[in-house]
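Report on one structure; see the data block that follows.
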Amino acid sequence: MEMRVTKALQGGDGHLTLDIALDLPPGSLTVLSGPSGAGKTSILRMWAGLLKPDAGTLRVNGDVWFDAAQRVNLPPQKRSVGLVFQEYALFPHLSVRENLAFAAGMETPLIDELLEVFQLTQLQARRPRRLSGGQQQRVALARALVRKPRLLLLDEPFAALDPELKDDVRQILRQLHQTWDLTTLLVSHDPLDAFWLADRAFQLQSGKCVEVPIPRTAYVVSTDAARQEMQVALEIQLRTLPLANDVPPPGTRLVWNGADSRQEKGSEDKPRDQPSRDDCEGGKLSFEQQQKRNDNDADVQ
Amino acid sequence: QPLRIAVAASLGLPLQEIVDSFARERVEKPTLVVASSGVLTAQITNGAHFALFISADTLYPHTLWQQQRTDGPPQVLAYGQLALWCRYPLENQDINVLLPGNQIKKIAIAQPQLAPFGKEAVRWLRAQRLYDTVWPKMVYGENVGQVNRLIQAGAVDAAFTAASARASSIGQKGYWQTLPQEGGIAHSMVVLKGLTAAERQTTQALLAYFRTPTARTILEKWGYLAP
Amino acid sequence: MTFSWEPLWLSFKLALVTTLVLLLIGLPLVYLLHFRRGRGQVIGQALISLPLVLPPTVLGYYLLVLMSPENGLGRWLDDWFGWRLVFSFPGLVIGSVIYSLPFMINPILSALEGVSTVYEEVAYTLGKSRLTTFVRVLLPMVRASVVVGAVMTFAHTIGEFGVILMIGGSIPGETRVASIAIYNEVEMLQYDAADRYALVLLLFSFVVLLGVYTYQNRRTARVI
Amino acid sequence: MTFSWEPLWLSFKLALVTTLVLLLIGLPLVYLLHFRRGRGQVIGQALISLPLVLPPTVLGYYLLVLMSPENGLGRWLDDWFGWRLVFSFPGLVIGSVIYSLPFMINPILSALEGVSTVYEEVAYTLGKSRLTTFVRVLLPMVRASVVVGAVMTFAHTIGEFGVILMIGGSIPGETRVASIAIYNEVEMLQYDAADRYALVLLLFSFVVLLGVYTYQNRRTARVI
Amino acid sequence: MEMRVTKALQGGDGHLTLDIALDLPPGSLTVLSGPSGAGKTSILRMWAGLLKPDAGTLRVNGDVWFDAAQRVNLPPQKRSVGLVFQEYALFPHLSVRENLAFAAGMETPLIDELLEVFQLTQLQARRPRRLSGGQQQRVALARALVRKPRLLLLDEPFAALDPELKDDVRQILRQLHQTWDLTTLLVSHDPLDAFWLADRAFQLQSGKCVEVPIPRTAYVVSTDAARQEMQVALEIQLRTLPLANDVPPPGTRLVWNGADSRQEKGSEDKPRDQPSRDDCEGGKLSFEQQQKRNDNDADVQ
């Protein structure tokens, strides 16, 4: 899937011209970040067919979705995208379940599954206006996913979630993305989204998409002296990381990048594949970045 | 303020002409307020200030007289004549055969309960022993004005209306026949109470003018019979 | 003529049929006008409200000319289908539909302008056609205005007189509806009978309106 | 009586004044009904649409009786203020206002139901009263429906006949509006003049409607 | 300002009863966090008078805002609060500037100042629908601030901002909060909000507000060995912290808590009071947590 388009927008400070070259390899998860008003949402809207580029092309696995020269502009209906709007945009007259059912176009067991994993089962009969912000956001995510779209477009889909839920939802998304072989473009301000989820990361700066490295470095505390100094830092840092509440017991080895560093012996830890709340009983911890589907990563592991 | 005269719609045109010619001889030109007789009666009952009320029948003026709203009993201004209009030629045909026939699908008539021309038409039909065969074809207008409108629209095949309509543009349409009846339909008028002296004077002058040959000629030109 | 239930029943039937027909015709028209932005929409909107500026009897006259078997459309219908619309109940429905069109369409159309386009956009990305979006998303979101359109159509048709008189011909049992009956009573100075008709119309309509608005209010309360 | 511009000008004046008066009266009524939830609102909504179910002439007749100087209210007004409403322009305005009330109020009221309550809430936390919120926030948000209410009132008053015939009395220059003039011409079989009036009404109204909707469309385009 | 209320809500999993005891000392900034659907927004709405508690009292500097027993319930208009809604709720028919002017009730120079500091000056004539998510959020903040409310209620006010802007806006808020002597209750999922801004922090857990400690520990890299180990970690960590892009040059001493540790000599740093983008020229860095208005903090410094 490749986007080569230009689009003139009215930016925050005068004119802003997007000049985007952005490839989304099938099955990949790409994170896009950039300052407020840079045009991230506009890029998603162009992918979805809701905003017409001024020029350029948009091709998806050989299909032409948009071509200014040939006057091709596939309507959003035919693009098989799932878009989570920044403002959720749930249908106010439909209950949670009806929102999903309408999106699916039929009753499918998937609706119940998604309600379940997003912890919405008990809320399914409610109208969106009677939901909290985070609950609405999860409904929006579930609604976009229920069609198993070819291209999943997410506009800051975790912004209203608390850190623990954010972690859960990231994990769900990672799983579904993999199982259903989705291609995903995720707009996010949170660098941890890139860290935990992304195959590639782009930064949108003055109208251009620039690839940026994803932090994949290991964070190893081995010496005692360093550990002591780190201890205090971790308190802050962990609150910003998915596993929030628990400070690792002294001597724990933290592994942040899975490439070649499996978790080493801590005091009483067992190796785990994914960080999750259930793993944190009694201060046991395991940090490991998700195994990426990137080939170059895979053969290292 | 000019004298205001309430006139039943069907008499509007001849009255306008009479009043115009009256105004040429006098200074004042009365204003005509035209509506259906029933509406005018309701308005008079509720305080409308008219000097003279000219109805398309005698019933409404009579009611007002009984309510003691008038200055004297109703007097007849003119007699209207009933006419039959038909889409098809009438001269050589027997109406008694034509009306019940298949050609005539709809016959327009004024509401017999409200409109004297309607009542007269029903009476005529009964006299001809046509009513029972013809009534399912009937459609009703609020008054003859409405019946004339139906003729003009070409929506009916026959209609009972006032002979005066022949003097208008629909006179060119279709075929007409004035139906013979005894005396015709009396159009009566009453002078209303509560007039100023000047108004009363002009009203009396107008009433007198109605009896002049000029006025009679105008009435007859429009298909009415002067008393 | 004295009081009879027949004209009342006819009025009710006419109002109900007109409202249903207008929902059937009006909603597609709303669809066309809503999605056809620009000049077309403006002209369409202006045309729809135009019949209103004619006095009902005048509008009725023009409809009569149009439907009359003597002229174009009326003759064509008569020749080909044997339909005579003038002086028939279906003709009344057609007249009432045309006359009440703006009452049905305008409120819905203006309410749709207040709905954020984002809901349309979501529906499109979910693969829904315009029609599905309109029927399943937009219309339910402006449900209150659809109800108001239907209510005004219904009430206005109950009270409609001029058009019906012209194209209906006041045939008892077929086209003499309550409004004509009641008007006749007034003209005949039969105020008692007129009052009785009016009272029945008012009471009955009040009950209907009360029911509709209560239902409507209850549903709204559930939404918010 | 032949074609004259006076009745047309009177119709236009009446429609304009009625629309303005209805904006002045209708918007406060909308305010009351919108904020008064529950039973009161339902009854109010039903009452407003009620005059619609009476044929205009019959409604006009009851208004005539009400305003007549021979009866209660009319006599009271006459005795105390020397006002005579029947057969006067102000009387026509009152009649038209009552008759067009639902066309103004219903669309606005139903559109308000579609506005999320969060905007009211924001305004309250910003210290704004209900009235300020209504005037500065809610009404502008349903502007399209206010315009539609005004348009329908205007058009309907131009075409209004029955009520005006009853309480106006066809006084030239004062209460003989275009619809009455057309009626008179028709009754006097002057069909040419009637057609001419109708044509002018249609053309003029079409231009007005086109103007309003174009303006409206342009403003909406700016909003979205 | 003290809240002692109970309120029954329909929670995400069945019934949820809020039983809140929350004091906001005048001039303080309190951060409230908690899982999605815990009732944070509901607490703000009760402060604002938009949601009626079932029982209890709400007192502000001697005034009674709500008292269930005495049937007192001050309407929102009389409470002098500024509320930033989670969904912004900008008036769609008013331009950015008109939104602020309507809130202010008059033209004041403050409008221009706020537009300026929130980088909205160039957008002031636009309608909200033509703004990006982050731009809208800043307008909502400015609108709540323009009245200088007695009580500022913020519902995740930085969620749609990129990290750098978030940092700027935090700093603006900190300044205004101090200059105008506001009392602020901030709902946030981001622990850094507490770190940078809060005097006190509460966690909402199963209907109760529990005070939690704010991380105030220093993060000091002194030894060379530790520095090297840290280096890689910083890459990740810095992206989640307000100063995002710059990795400090080797040997820089990072000070994260201002209490007793002023910045020590780095390679070529000058001490600064506040972190800000302008300070970061040529890799110069200074980290220091804002001086709190807490008395116990103040006398240490």
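Points to keep in mind about this one:
To keep things simple, chains are lettered A, B, C, D and E as they appear, and every chain counts its residues starting from 1.
Note that in this section a contact is a pair of C-beta atoms (placed from the backbone, for glycine too) under 8 Å apart; a residue touches a chain by one contact, two chains touch by 3 or more.
Since the structure is predicted, the reported quantities are computational estimates derived from the model, not experimental observations.
Placing every chain at the mean of its C-alpha atoms, the farthest one from chain E is found to be B.
Taking only C-alpha atoms, you rotate chain C by 180 degrees to land it on chain D; that is to the nearest 5.
Chain D and chain E have CA centres that are 51 Å apart.
Centroids built from CA atoms put chain D at 35 Å from chain B.
With each centre defined as the average position of its C-alpha atoms, the distance from chain A to chain E rounds to 25 Å. Within chain A, the positions touching two or more other chains are listed as 87, 92, 129. For chain D, residues that reach two or more other chains under the stated contact definition are 57, 61, 116, 141, 183, 186, 224.
Among all residues of chain B, those that touch two or more other chains are 36, 39, 42, 149.
Within the complex formed with chain B, the chain C residues making contact are 1, 57, 61, 64-65, 67-71, 84, 86-87, 165-171, 176, 183-184, 186-189. The part of chain A that touches chain C in the complex is made up of residues 48-50, 75-83, 85, 87, 89, 91-94, 102-103, 105, 127, 129, 143, 147.
Within the complex formed with chain C, the chain B residues making contact are 36, 38-39, 41-42, 60, 63, 105-106, 108, 111, 113-114, 138-142, 146, 149-150, 153-155. Against chain D, in their complex, chain C makes its touches with residues 37-38, 41-43, 45-47, 49-50, 52-59, 61-62, 102-103, 106-107, 109-111, 113-115, 117, 141-142, 144-145, 147-148, 151-152, 155-156, 158-162, 179-180, 182-183, 186, 194, 198, 201-202, 205-206, 209-210, 213-214, 217, 220, 224. Interface of chain C with chain A (complex): residues 116, 118-119, 121-122, 124-129, 136-137, 140-141, 143, 222-224.
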